[in-house]
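To keep things simple, chains are lettered A, B, C and D as they appear, and every chain counts its residues starting from 1.
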Amino acid sequence: MTEKDFTITKLGKCIRQSPIKYSRAHAQKDVRFIDDNLKILYNNSFSSVNDELNHPEKVLLEKAGPREHIYFDPEMVHAGIVTCGGLCPGLNDVIRSVVRSLWYLYGVRKISGITYGYKGFLPEYGYPAKELNPDVVDQIQETGGSILGTSRGGADIPRIVDALEKKKLNILFTIGGDGTQRGALAISEEAARRGLDISIIGIPKTIDNDISYVSKSFGFDTAVEKAVDAVRTAHTEAKSVHNGIGLVKIMGRESGFITAHTTLAISNVNFTLVPEVDFSLDGENGFLRKLEERLAEKNHAVILVAEGAGQKLMAESALKDESGNKKLEDIGLFLKEQITEYLLSRKVNFTMKYVDPGYMIRASVAASIDSIYCARLGAHAVHAAMSGRTAMLISQWNNAFVHIPISMAVSKRNLIDPDGSLWRDVLESTQQPDDMY
Amino acid sequence: MTEKDFTITKLGKCIRQSPIKYSRAHAQKDVRFIDDNLKILYNNSFSSVNDELNHPEKVLLEKAGPREHIYFDPEMVHAGIVTCGGLCPGLNDVIRSVVRSLWYLYGVRKISGITYGYKGFLPEYGYPAKELNPDVVDQIQETGGSILGTSRGGADIPRIVDALEKKKLNILFTIGGDGTQRGALAISEEAARRGLDISIIGIPKTIDNDISYVSKSFGFDTAVEKAVDAVRTAHTEAKSVHNGIGLVKIMGRESGFITAHTTLAISNVNFTLVPEVDFSLDGENGFLRKLEERLAEKNHAVILVAEGAGQKLMAESALKDESGNKKLEDIGLFLKEQITEYLLSRKVNFTMKYVDPGYMIRASVAASIDSIYCARLGAHAVHAAMSGRTAMLISQWNNAFVHIPISMAVSKRNLIDPDGSLWRDVLESTQQPDDMY
Amino acid sequence: MTEKDFTITKLGKCIRQSPIKYSRAHAQKDVRFIDDNLKILYNNSFSSVNDELNHPEKVLLEKAGPREHIYFDPEMVHAGIVTCGGLCPGLNDVIRSVVRSLWYLYGVRKISGITYGYKGFLPEYGYPAKELNPDVVDQIQETGGSILGTSRGGADIPRIVDALEKKKLNILFTIGGDGTQRGALAISEEAARRGLDISIIGIPKTIDNDISYVSKSFGFDTAVEKAVDAVRTAHTEAKSVHNGIGLVKIMGRESGFITAHTTLAISNVNFTLVPEVDFSLDGENGFLRKLEERLAEKNHAVILVAEGAGQKLMAESALKDESGNKKLEDIGLFLKEQITEYLLSRKVNFTMKYVDPGYMIRASVAASIDSIYCARLGAHAVHAAMSGRTAMLISQWNNAFVHIPISMAVSKRNLIDPDGSLWRDVLESTQQPDDMY
Amino acid sequence: MTEKDFTITKLGKCIRQSPIKYSRAHAQKDVRFIDDNLKILYNNSFSSVNDELNHPEKVLLEKAGPREHIYFDPEMVHAGIVTCGGLCPGLNDVIRSVVRSLWYLYGVRKISGITYGYKGFLPEYGYPAKELNPDVVDQIQETGGSILGTSRGGADIPRIVDALEKKKLNILFTIGGDGTQRGALAISEEAARRGLDISIIGIPKTIDNDISYVSKSFGFDTAVEKAVDAVRTAHTEAKSVHNGIGLVKIMGRESGFITAHTTLAISNVNFTLVPEVDFSLDGENGFLRKLEERLAEKNHAVILVAEGAGQKLMAESALKDESGNKKLEDIGLFLKEQITEYLLSRKVNFTMKYVDPGYMIRASVAASIDSIYCARLGAHAVHAAMSGRTAMLISQWNNAFVHIPISMAVSKRNLIDPDGSLWRDVLESTQQPDDMY
């Protein structure tokens, strides 16, 4: 990985004066505009015995923000916004910020909301675009979901680019996850191939927080707040009966960040199970044995499991199942079954409550801390677009907003480091064994 | 039903002066003590063409409150408190109020919390009692659940009375539903048979609000608040995709009060299904047809179903199912399946989200309005017990606290009147057809 | 007071069939329509030694609800809605319910929102009316305040009736307190004088819950929830320092209902001061002495005072103040000063935190329990208007919706009975002396 | 500023093996222990035209976390915890985490809570210490405030060190702001002078977020959430009347971080006033003129002011005030007066609501995101103490936990950069003029 990998594509030279007026008399005239040369160091952790110049991951990221000179003539801009994939708290905040920034900062007056995800570009669905302006988006942040609607799939690149051409869109904001941003990259490549002057700016959305080069994705803090409510509930249920077990399943297909943070937030969790750390059910120090010990000692237990945890166990279990029944696909229900079977076999009386708060998390309104983040993401995305950048994502990294090439962001996933400090703090909180085997 | 049916059993004469000091100089000296002759009219609805004396349900209920003379010597009282059945918001508020009222108002110093329901009386479980005082209960209302723990079953009457004798309890507060109060009645009868001087006072707990002669059970308002959150979520999910369906199942085994009130609170519900009102799936005006029409018109729909709704349909469906597979027991999952099958057969694209917020409702902390109610229920239960009443429940009826014989309260259930004003308001809110057949 | 006093004025005969279709095949055809003869007994409390016929307050109230025959032709209706006075949680819920009920139940299509209270009728202000329909009011219940705006004053009756004539309004819903409803009564009288066929239906709004013949006014439960938050805060502050005093002032100009209910809800309050119960500052058993004792014993104290409490004390204090300085008008600040002075003179170290959460209560969104109530109030108001009733309020009394002549409702105020059970429960909770003199 | 300035003082060599067992077989054995050589770069922003070696602020901060070898023998440790100054959400979370980390991770069994701040060390106050263990702190994070109590002042260094000697404390955690940490530094210096082996570890508490070298102080996010509620209220009030003005004053004596973030979170604020940016009242483009223009255009306005804003204006106003009246000390009340005077002079009708939610913010329970942060701060503080470090603060910087010498942290304050991106985003959100003169 070299610095070049992080070079941002630009549509052309910025020769137009920005319409934003920053006028503090006592400051340098351009101090609030961001110079293109400003960079943020990707990895700021060093071992002082080595000189930091030798640091293996010295990568500089371009700093985001308003440029003094811009690429597009605001009067000629027709911007589009599309939201794809599952819901995530803050979608409406981002939409609102993009619309308001285009309108109030740059004077753009033509903004189209593409409805129901990428499918909104495809004529066969007949989903009409929605005209957006500050009035339309005025209070939308008070509601969860996306006012544009969303869908999965529909990433038919050539036909999406046809639609862009037909609608004469020259800026497109794609709000979505990994798959959506791969699509956005492909769209920008196809547009370049056709010689179209279109800026494609991604705003990464992943409630699981697993997009690379993104410190924290929007909606994550809200998700943790809501997950904490669910765990609090499960803990109350578990403590209110003898040998009560509260089993909570939350999102986290590939990574357990929400699970880990929720554990730290409430510290009533006794077992935290994430995709990044394997465990066995039956082993000497396996999960079931440890759960039984916990019940014997404290008469209640709370288990928090990410949906992507224990996939191997389910696969093994399916193999063992000679009758050919289909594999259980839900780790929560799988664990519920396994725990029940095991404790019955051990003649332990217990009462288990299973909580799956998934949709209540995804559809909730953004907490203030996420609203702030969304507002700033949206504004920075607009600045990037107006400067003619393309094929990039807006991200916050080490407290600065930066530009990341989509190609880098989708090249790998963010995962909990099982040897790092976050997982260490989780183990310290739950006091579960380091290796449950 | 005559007035006699509502006569409250008393252990004996009240000859002891109450230790409570009400001393407003400018008022009559006993004005805050309640006279035994004060009554509340059960049914206050009349048709003015008939004289109200002819009213078929003229029943007078005894007014609750502190009596100037009491039965028990506070120094000799050993009171017990037991919580049974499922969780309900406000349990800890009630426990707290009973303890504080006994302690501060009457000077009772011996209060035992029986743990894990009626089973806490049975030696084989070995659940130790918990000594209670104002310090122990100081902040418990800030947490959901019951600090005493709860369980189902265990109503082994003779052995419970053995335990009462052994512990020398002379007052027992039973916090629980229908079954618990039947148990309480049997306990009071067995105690009478043995000539024991024990007051058994029930505090009705039913999140479903279906105990007769109880206007509103504690925890109900909190349950509605939480159910509204779940419906809001489902509505957000439904609106955020094309032909989105939000299906929410909430509690309500025999009655749909929570379902109905939630519908009125949020008015985003399009179909409200309750145990009291039958409906068909397949009929000309059946539910599935109406759902399809709704989707065609508005592209999203929200369905709120009480767990006890549509039981007949599941029974029929099980009969039809020749393969002998076991009957689906969950109306939510049953509807999910039926809707999916039907819409696929009609080639309607849709996305359904299923939300089951049950445990998150039951285990939540009481809202303030419920806390007030619980605080007052507990105090009135203590007044009733100290006056030597037994085999009765504390209830609020038409804004007054009253005494209800347990025998009457368990004689029938509270149900939504499908021809009454509550269901009328639900129909007006959802605009669903009156008869879905 | 006789039954006649509660007779509702009607504009004329109801000869038109209601467009509402209630069609339950298995029920009597008109069972959901309300018969004009149905009545609710006002006072349902009896002393069983007297026959209830002799009860001094036997008053029957007309039951509210949809009538089978209505007065107005929906196509000819032009309805107006006006909100007056201070904010109250639930205003938007009521507006929404009125609009939806008119539109969906009766097919009324002409609904005008009068803006900024009665002033919206007066041409010199130039406040434009707002056209209302279900789309406009779709999500307004998610926001506090009133979408119509409000103001105090402006009750220039003849010119308001001029405006009604000019706008050809034939139904007017007045949402407001005591003063607003007096205005509404005057409007209906002036309209009658001019021979206008206008129905004036009041929806009582008083966050203090002090309108007569109204069990509980909308917004009250929400206000208590929010007041509880403020007291919790004050309690936290008080306990976190040595001799901490938390002093919370909330609304309640004439009555202390919010104060009393808040006290019961949180039970961390040590002194509850309301307009209905006098107290002295300096007496042997006066408030300041008792506060000092409390601090000596527990090292912290929480005081909750209604804004209308202690007015006499402030008047006396002003008289004593020879320097002619103007009277302190705020009991909260007055108490703060008096406590400070007294404790300093007693050489008691202390830290006082003063919390005035007024606006945060009034402007908040309605809790679900209030939303339900508002939805039902609005619907019943519409039914009353369509049946040609006028000069009346919609009220809930003993769990039934009823019609109350405005003249009766404004004839006296609702107050806490210092000898009744609510104040008794407050004293039991705070353990403050019955008479602080 | 050189790297040396950031060197952390240590009491001695770490020769004892840590009792923490990190045992992942597949990982290097010590991978979760932090090497003393690990550093975090303070400033990660570069201009790519310059080589980063020349960066003016190249400073490396020591990474926090558990060390494989520790200084103190856990069995000999007597740890103390003290909380000083005003309340802040999360205090109980920090206390809880420190206690649990000492107890569960290191096996420390002697932990004393010093009550009511530094005064708790001084015998004349007679405030008894509180023995702490996991049971005592089990649920304290569910309540606001500090279970230890707090106070201002009392930093009598020699006598505090006398008390440390007498109590045989060898670790002290000081949770407090600037002043508290200056005290902690002085304590550590005095202890060193006396040759005492005491580790003093500060945990920075400043709801205003103005301690240097601390990215974000705990409680800050919660404060913003609560401040947003207050602004939402003010906005509702302002919009609900004609020419309504909502004026909200929040904390921020020296810096406006809460004010700025709240503005970004809700984006209904029209004027944000902070200590870092001066403004005039009367100027051509002064605040009052701009407010009048806003009212003329939109008929309502929301103003959010930090308590430390506009101090110069109050000073000037006091000078002008010949009558010698004492200076108004509260910018909120001062602005209220100035606005009223100005608008009256301009004959503009308006209604102003003033909201001061200060105590409700400080005393609230921590939001989950803050709970996580507090839990991690506490654990890292314990690791630092056990390794024999002293005279330092725990801080999070660029997403890593680090050690900061107290001397550096108190050397200057964190302020909003009026030319930086945060203030730029505020201006873009409010659309207030850059310079109000």
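Following the convention adopted for this analysis, a residue touches a chain if its C-beta (ideal position, glycine included) is under 8 Å from a C-beta of that chain, and two chains touch if they have at least 3 such contacts.
Note that the coordinates shown come from a computational prediction; the quantities given were computed from them, not determined experimentally.
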Between A-B and B-D, the pair joined by more C-beta contacts: A-B
Farthest chain relative to chain D (centres taken as mean CA coordinates): B
Classification of the chain C:chain D interface as same or different, half of numbers criterion: same
Separation of mean Cα positions, chain D and chain A [Å, integer]: 28
Distance between the centres, which are taken as Cα means, of chain D and chain B, whole angstrom: 46
Mean-CA-position distance for chain B and chain A (Å): 42
Sequence positions of chain A contacting 2 or more other chains: 143
Category of the chain touch graph - line, ring, star, complete, other: complete
Interface residues, chain D side, partner chain A - complex: 21-25, 27-28, 31-32, 34-35, 37-41, 44-49, 52-53, 60, 63, 65-66, 96, 100-101, 104-105, 141, 215, 221, 224-225, 228, 261-262, 264-267, 367-369, 371-372, 375-376, 379, 398-401, 418-421, 424-425, 428-429, 431, 434-435
In the complex, chain A residues that touch chain B: 87, 116, 119, 125, 127, 143-146, 149-151, 229-230, 232-234, 236-237, 239-242, 353-357, 359-360, 362-364
Residue ranges of chain D touching chain B (in the complex, touch as defined): 139, 142-143
